[in-house]
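I've put the structures underneath this note.
Two complexes are shown next, each including subunit A; its partner changes from subunit B in the first to subunit C in the second.
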Partner chain A sequence: MTLAIFFVFAAFAVLGGIGVLLARNPIHSALSLVGTMVSLAGIYLLHHAEFIFAIQLMVYAGAIMTLIVFVIMLLDVRHEEAETERLGFAKVFGMVLAGLMVVVLLVPLAAGLTGKPGGMTEEVLARVGSVEFLSEKLFTTYLLPFEIASVLLLVGLVGAVALAKKRL
Partner chain B sequence: MIPFEYSMGLSAVLFGLGVVGVLVRRNVIVLLMCVELMLNAVNLAFVTVADHLNSVEGLLYVFFVMTVAAAEAAVGLAIVVCLYRARRAVHADEISLLKG
Partner chain C sequence: MLDFLIESILKVLVVFGVLLFVVAYTTWLERRVLGRIQVRHGPNRVGFQGLLQPLADGLKGFFKEDIVPANADKIVYVLAPVLSIVPALMIVAVIPFGDSFQLFGREITMRITDVNVALLYILGLAGLGEYGVMLGGWASNNRYGLLGSLRTAAQMISYELALGLTLISVIMVSGSLSLVEIVNTQTVWWNAFKQPLAFFLFLICGLAEINRTPFDMPEAEAELACGFNIEYSSMKFAMFFMAEYAHLISLAMIITCLFLGGWYLPFGIPTPGLLKFPVFLAKVFVLVFFFIWERGTFPRLRYDQIMRLGWKWLMPLALANIFVTGVVVTAVA
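Then we have the complex of A and B:
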């Protein structure tokens, strides 16, 4: 049953990805990308990552995609739709290289996964839950990266305003 | 329990789609969306391995990747708005100011 749900989500994710590539109108690309992100959120839930599921929906499908759609509508890029669709040599070559890269990415899977198991075992999950365990790690062991991430967001915020504003 | 290979395969396929998009499409906003697609594929790989190894660190990495992606989207789209205001162009081929 879980596997069937996974395949449904995976199919939607891949279809959304193809939609991003093929859609002429950037708005359609953006909506396909929302579909991919929501499907990925479902897959995260199947992988017992409840917190990531929630922030995938809120941050990615919600905030970032809203920003992208907003900018597309602000710029009115309709007249840009005469995108050169002829397949030049460079494009075909690029696609072949990208396909090769997918194969290269898949090759190490055959060797299986090596790595040290972490502490998020079934017993811990049953006792404290994955969100609580994750937040405990985030605010103790990984507190410095967390604070740096907040500074990064502040810099991004100031940078975006400074770039997009006509006159400071 | 989903086999580890399936999720990683999906992640590789989505990453490949993102790469093809960056190579083929010429609209700057679509290029940014394809970069987001690649970041999502990487996030899926992190979540898969974290689930497989019972590790919480993979999930924390996803959290930080999302933070960086949010900052990147904000700054990138601000640059697109700037470009459009200065040159009326969102087409990557038309933006060749540094070509000389």
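Then we have the complex of A and C:
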């Protein structure tokens, strides 16, 4: 049953991704992205990663996407600006990157899946995904990176205010 | 496995049935109480004391013509009410209504599920709930609607921060993210006594988060002519309306669990098993009544006042509360 639910979420995630690319209206793109984020959250939950599931909903599907939608509404971009048919540098670069991504994804398949179970069994996942385990690791083993990341975010915050202040 | 599935499905059906019933009658209660506050009668014609009014309103909603504005974004316009009501109903899945009881030799717990990240789940769904209101106003291609949407987005992002920060001090006191465990730590002293400031802040932020008076900026009848739902008619409007009241009731239930000791009587007075659910209901009712009462009492804040209150008062206060709580918790430990 878990597998069936996984495929439902996976299908929605992929559909959302395709929607982001193909939608002509930026709001539709953003909404498709929300769909993908929520489906991913569902997949996290299936893997017992409850904390990541909640954070994915709160931060990505909730806060960040709300801001993106907000900005699109404020700028009132109703439709994509006239399409550039020219093959610019950005497009070529994007194609190369996408090609590389496909190669990266295909290599393990070509090398052959061994079918042996890895270290991440159901029990390990259930233990590792809990808030208690994560927070203990975060505040003991990875305390320094955690603090550095928070300082970095604070710097970004102050920087954004400082930049915006000039225009106010 | 099958037992578990059947039990869960039955619980989901019962909980949502009761919830929708309560939502319908909260609208009746609100109109009657507001009527009393404003020295008029309110709906009292359909049935005894107007008790059939919600039913009549529902029927009317079904039979009204469903209008989609010509230049509206059709897909998003239809999707918005759904996006609004689904997260509102989903929140109830993690709320414990009481302890467990025995039925046909089975222990039935009075909640749909007890996830150990219940609080984060609620915050996540609250974040998703914004989309309905935001997109509804935008998709109807109406200036008032768009303004309502933009206000909603700004207001919710601002107050979600203070709301989350307020919760942190509660989590520090209780030591858990699960609502059941948070309730179980309040057998003697409710969190409202341990964390009075957090209780107060959460009440204010909660009201702002569900766009309730005095923070009903997205609607603001006087200036936006109803804001985000201005173009909506028939059942789509009814769905927005239901989502609003579902949010109201979930907020009351969340506050009951977080601050008012869930199904426990205060000061360690033992609560008999049979009384647990009524105690919970009574607390929720008092809160819902309070929300109606304050709607009839407080004038709406101006947009800039709302923003100033959120960022310059509530958020620093919540941060200070976390700091003080941290000091006290470490000192006690």
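By our rule, the second predicted complex is superposed on the first by the 121 of 168 C-alpha atoms of A that agree within 3 Å, B and C clash if a C-alpha of one lies under 4 Å from a C-alpha of the other, contacts with A are read in each partner's own complex, and residues count from 1 in each chain.
Keep in mind that, in the parts below, a contact is a pair of C-beta atoms (placed from the backbone, for glycine too) under 8 Å apart; a residue touches a chain by one contact, two chains touch by 3 or more.
Fair warning: this is a prediction, and the values are worked out from it, not measured in the lab.
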Partner chain in contact with A:Ala10 - subunit B first, subunit C second, else both or neither: first
Please indicate which partner A:Leu67 is in contact with in the superposed arrangement: first for subunit B, second for subunit C, both, or neither. both
Between subunit B and subunit C, whom does A:His28 touch in the aligned arrangement: first, second, both, or neither? second
By the touch definition at the top of the document, which applies to A:Ala98: first (subunit B), second (subunit C), both, or neither? first
Per-residue touch tally on subunit A - higher for subunit B or for subunit C: B
With the two structures laid over each other on chain A, which partner does A:Tyr44 touch: subunit B (first), subunit C (second), both, or neither? first
Which superposed partner A:Ile55 touches (first subunit B, second subunit C, both, neither): both
Where subunit A meets both subunit C and subunit B, residue numbers: 51, 55-56, 63, 67, 74, 130
Looking at the complex, which residues from subunit C come into contact with subunit A? 73, 75-76, 79, 115-117, 120-121, 123-128, 130-131, 134-135, 138, 146, 149-150, 153-154, 156-157, 160, 177
Name, in rising order, each residue of subunit A that touches subunit C in their complex. 25, 27-28, 31, 34, 38, 41, 50-51, 53-58, 61-63, 66-67, 69-70, 73-74, 130-131
In the complex, the residues of subunit A that touch subunit B are 2-3, 6, 10, 13-14, 17-18, 20-21, 26, 29-30, 33, 36-37, 40, 43-44, 46-49, 51-52, 55-56, 59-60, 63-64, 67-68, 71-72, 74-75, 77, 80, 83-84, 91, 94-95, 97-99, 101-102, 105-106, 109, 113, 115-121, 130, 133-134, 137-138, 142, 145, 149, 152-153, 155-157, 159-161, 163-164, 166
So in the complex, the part of subunit B that touches subunit A is made up of which residues? 1-2, 4-10, 12-21, 23-27, 29-30, 32-34, 36-37, 40, 43-44, 47-57, 59-60, 62-64, 66-75, 77-82, 84-85, 90-91
